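Right after this note come the structures.
Shared chain: subunit A. Partners: subunit B in the first complex, subunit C in the second.
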Partner chain A sequence: MTTHDDTIAYDAFLTVSAALTGYNAAELQATGCAAEYWHHVQQVLPEDILKKFLSPAPRLGKKDDDKIIRESYLPDRCLGPVARSLIQLWYTGQWVPLPQEWRENYGASRFDVVKIISTRAYKEGLVWDAIGAHPQGAKQQGFGAWSLEPPKQRGQADDRNS
Partner chain B sequence: MTSNDTLEKTRGKLCGLLQKALILELSTIPPYATACYSILEQGQYDRSEPTIVNAEPIEVIRQVMVEEMLHMVLVANVLNSIGGHPKLNDPDQLPTYPTKLLDGRGPEVHLRRFTPQQVKSFRLIETAPKDTGPAKKGDYHTIGGFYTYIKQELENACDTFGNDAIFIGDEKRQISNDDYFGAGGEVIEVVGTPKQRRNSAMRAITEIMEEGEGADLGHRAGDKDIIPGPEGREDVAHYFKFNEILHSRYYHPDDAVDEPPTGGDLIVDWSAVSPMQDDPCEGNYARAPEVAAISAEFNTAWTGLLDGLETAFNTDKSALRDLVPTMYIMKSLAQKLMRIPLPDGSGETAGPTWTYLGKA
Partner chain C sequence: MTAIPDDERCYDVVIVGAGFAGGILAKELVSEGHSVLILEAGEDHGKTWETYRSYLDQYYLSLAKTPNSPYPNLPTLPSPSVLDITAVRGTEPDTNGYFVQRGPLPFGSNYLMAYGGTSLHWLGTSLRMMPADFEMQSRFGLGVDWPFKYDDLKKDYERAEWEIGVSADAVEQTPKALGIKTSGPKDSNDYFAKDYDYPMHSIPSSYVDEFFARADGMAIEVGEDASDTVHLKVSRTPQGRNSTPRSPKNGQGIPVGDEVRKQFQPRGATGPFAYMGQRCEGNSSCIPICPIQAKYNAMKTLEDANHIGKSLMETITQAIASKVELDENGRVSGITYKKYPFPGVPQYELRRARGKHYVLAGGAVENVTLALASGICKSSDELGRNLMDHPYMMTWGAAPEPVGPFRGPGSTSSYANFRDGGFRDKTAAFRLEIGNWGWNFAAGSPNSDVARLVEQENLYGSALRDKLYHDVQRQVRLGTLVEQLPRSTNRITIDPAYRTPMGEYRPVISYDLDDYSRAGLAAAYEACVRIFQRLGIKNHTAYSPSDAGYFTYEGKGYTFFGAGHLVGTHRIGTHKSNSVTNDQMRSWDHDNLWLVGAGSMPTIATSNPTLTLSAMVYRAARAITAAVREGGAK
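Showing the complex of A and B:
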């Protein structure tokens, strides 16, 4: 990611990811996985589809994220499965291969296989934060943590969108 | 002036010195923790798998850090034993970085990522005074010198007014091993007869000095405490631990204190480090509200930790145990911040500011 265009595309990737996951760009970068996920997505998707996937980015991050996702991504035969795999990637650290129908229509990539991207990807999955837990076998919470109230859930009380 | 006035004046002075010692110990933790957390962490300490990046320097700094926490507890116990009140959440006393330790007499410390330069500055913090003569009279420039002075003043006070007049603190305030989470070693409680309390207080201060710069270990690097790691490895003082990292080599317990370490390899990869900006400050996040939010979350945890310590040392000892999860939360948040590039395009990342948020 050295050239100007690459930086713009990477930023767009973060913007789209933020809209799809509900975590902002800083929080996504805070996982330490953003660059390797971006690399993986670039490997899996043909260039024109990647371009199409990122094209709504300038409209995202304002007010209509939910609408744009529901209209431009989820029902789309091409972008829908990509969006779903990307959401799962951020939440679980695991790439879920695109469906057979998608491959038949848009081509198969040798990188499009089920894969936990890295050991960090497992630990930094957004799912752990979302459910107020810690990844089993990593990021221990410390003695007595079980006696404390779980952290505030996202979307409650001080909801960022309210 | 009555002798009672003089006694209380002396007590006030001693309490003031110990309070400074408490803040001094506290002040070392953010720089050490920041450097430690900036190391790209791949695994826990495990010699059997040396490919794990930087597991060893992480473990070495972690050991120093938890001993500083133990030192805080020891200082608080001594301060409580002479009738003082440890203060940990007074914004006027808390460090902001960069800071010069010992009211400007000591070395300057910064919040920086893990670099040879930063580890050298840590080594400077833990350097033993060459001659303790001037320190005993109050002319100190190192942490070791400062404790030499405190010890001397406490001895003088006990000799002048008697142990029973000095050790008047409520024994219920003493943190015991049951209250503490066992990190960094055993707690020394200042309890018993006045004579026993005096001895315990001196022992506590001596332990702090030994674990810090290791001045009085008889020219031998090891201090006979066995620590986790390669079989039967003896603990060494902080100065030597930092020296181990810089030399990429462990000390052999019988190594002379003024010679470089000659033990086994300690593998350090200075490049596997997050490019955190030096001395992170809130101002740098003004144009990045999303980063500011995570920074605020960190500072809220830090504030909770300091408030919790204040409670543990002054009113409810059980508060200490609840702080363990807080420390893990802080580690996680610090590491998050150090992965987020700053919006200025410098390529450097954000970092924790260690700002106390309460009672402005």
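Showing the complex of A and C:
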């Protein structure tokens, strides 16, 4: 069903997602949500914008990530809001709709509404790992785990993405 | 009215409501061999594991994870929601939500209409009251005295603790051990009966609790009298969630009520997955839903009642009790109810349930709307008055180091020091609950942190991840629960202009905080600030005049919420002129009618009310049993 181009685009989506979230592509895939999010982003973004959004992918994951993200994504009127919504999607499982102004300029989608994508998306939100906890209501840590010293912050050594 | 068909069977006792009160009462009555019918307005959420799981999924998918969020809000049966609370302005009542709010302040509490009642999303805090709490009038000249004392309820507290399955250690829970300077010199003596202990050991303290315990011993003045100064102590909270059962000393058993009980058997989830939830696993979502039912809910007791009662026990869900009918002698002759076959579709069949005795156990608000709609219990004019809650104020900040929030039950400890003392003649008593879930209730964390760091601080990637760890790991929150006095003007009424789609009366609520409670809240805030100063916590608390629950006291502004502790609306008392029922919860006006639940409590004090209301149900159960046996004559 997937063509070669689809696979390339999907990989690019993971590469951009990894750069934006600070979690590597393998970690993102391990959430089991990557395909869902990819599908969602495709539904929300017009094709040309999606293409533009993914175009820096080949240059990412090397040395200049910060420069690329700070220059090409975050301050960009079109890509900035998309990047911010995508980061939040990965972190919380919830799609944050694009600003009204963005929609007027670049096109509105009926899928661009506030929503927790799925029960899995909620449970796999990266925020829970980032804060050293577990999703409330899932992946319980066991009796008395709350008494233990909090987990340490992930060190540079663990930081496979940078 | 056209003839309403009577149900075929006439029961010994008809109970309205399948929550804590209805569940315990049913279990007691069928154990005595009486036949019982429960009418429950809501749906059955626990019949199959699939239904319960689907509520968990609904929780995952809810944008605002409020107490009622996992459960369906049926147009047929609206429940109050915290999302509906807005400031009441001008003279028009606020009709946003299910409650019609007359103000001047909004009543911010909620409850759940479902099989199991509000137990499905309660937190589980299970405190006994203090001896002083039963004697507010004689000790402080405030409020009213109860018609009985702490000692008279002690055995029933034991029974309730063993029914709910409370985890705590008695040695840690006497007023003295909690660091309370009681207003009576002997209040701590015999607070627990000799050899009594809770069924399960205390739930372990959280890492957050241990952090706060570093302030232990610090002196805090309350009120004007130097002798009222308390020395802070973090103490573990008795909780209705499963931990490790206690082995009785020397195999002797533990005296509970009038019997000696063997080791407690924790009950897990209801239905076919009973092996789940035999111990709390730290799902950290007790409000609104415990995925494994390690937290007590009334479905467990109801299941016992079905098991013990067999054909004596009958429950009809999706059946809204609509009118209590009287015969010419003022005795109840039946309760008409609306049985709706399809949740969400306001179509129903009107039927009549019949029994020898009738009990309203629908919660402090719904008992009143039903009684008012039926024109009963009028002689004292107390019905619906004296509505109390624990105005709940949050104080939050950033600790100087990671404290490991968002793990474990919502709260495992508190500063109980302020629950009683000489200061109580002028300043309301309070308890400072230590929150384990960061700024979740206070500020919508951790999602709000993600939004803030991404949208405002322009972070991404590992810097975002690290900053999230940094900020959220330091989040601490104290919650103040302050007492309210019974005030006749804080009340529930009904008005034909406000009804549900099923034609039932919506509660119309007038509510305010008096200066006594405001003084308590102000003193609590001051105590929190001092604790923050002592522990190096940066105060992030923000109260805004635009908050629905904003109020001022001595020139300063604060914000309060509801605690879900609805108390006082059909209080017990010594005489038909001062109360709705006698001290056994039997209506003064209608010989075979009883009202149970937290509405029966004359004062609220500082304990979350459910353990007390549950204990009181045992008292009522004995009296109802006697009355049924007598054949109903007084």
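The rule is short, and it goes like this: the second predicted complex is superposed on the first by the 153 of 162 C-alpha atoms of A that agree within 3 Å, B and C clash if a C-alpha of one lies under 4 Å from a C-alpha of the other, contacts with A are read in each partner's own complex, and residues count from 1 in each chain.
Operating definition for what follows: contacts are C-beta pairs under 8 Å (C-beta built on N, C-alpha and C of every residue); 3 or more make two chains touch, one makes a residue touch a chain.
Keep in mind that this is a model prediction, so the values were computed, not measured.
Visitor: After the superposition on A, what does A:Pro150 contact: first (subunit B), second (subunit C), both or neither?
Guide: Second partner only, subunit C.
Visitor: By the touch definition at the top of the document, which applies to A:Ile131: first (subunit B), second (subunit C), both, or neither?
Guide: Second partner only, subunit C.
Visitor: In the overlay, answer first, second, both or neither for which of subunit B and subunit C A:Leu50 touches.
Guide: Neither partner.
Visitor: Considering only the touch criterion stated at the top, classify A:Tyr91 as touching first (subunit B), second (subunit C), both, or neither.
Guide: second
Visitor: With both complexes overlaid on chain A, does A:Ala83 touch subunit B (first), subunit C (second), both or neither?
Guide: second
Visitor: Is A:Ala19 contacted by the first partner subunit B, the second partner subunit C, both or neither?
Guide: So A:Ala19 only meets subunit C here.
Visitor: Using the touch definition from the top, say if A:Gln29 reaches subunit B (first), subunit C (second), both or neither.
Guide: A:Gln29: touches subunit B, not subunit C.
Visitor: After lining up the shared chain so the two structures overlap, which partner does A:Ile68 touch, if you call subunit B first and subunit C second: first, second, both or neither?
Guide: Neither partner.
Visitor: Is the number of subunit A residues in contact higher for subunit B or for subunit C?
Guide: C
Visitor: Please indicate which partner A:Ala108 is in contact with in the superposed arrangement: first for subunit B, second for subunit C, both, or neither.
Guide: Neither partner.
Visitor: Go through subunit A and flag every residue that touches subunit B in one model and subunit C in the other.
Guide: 119, 140-145, 147-148.
Visitor: In the complex formed with subunit A, which residues of subunit C make contact?
Guide: Within the complex, subunit C touches subunit A at residues 56-57, 59-63, 65, 204-207, 210, 243, 279-285, 289, 291-292, 402-409, 412, 436-437, 440, 446-447, 449-451, 454-455, 458, 460-466, 468-470, 472-473.
Visitor: Write out the stretch or stretches of subunit A touching subunit C in their complex.
Guide: These residues of subunit A touch subunit C: 19-23, 65-66, 69, 74, 83-84, 87-88, 91-92, 94, 96, 114-116, 118-119, 122-123, 126-128, 130-134, 136-138, 140-151, 153-154, 159, 161-162.
Visitor: For the complex, give me every residue of subunit B touching subunit A.
Guide: Those residues of subunit B that touch subunit A are 42, 181, 288, 290-291, 293-294, 321-322, 324-329, 332, 335-337, 339-341.
Visitor: Touching subunit B in the complex: which residues of subunit A?
Guide: Result: residues 24-27, 29-32, 119, 139-145, 147-148 of subunit A touch subunit B.
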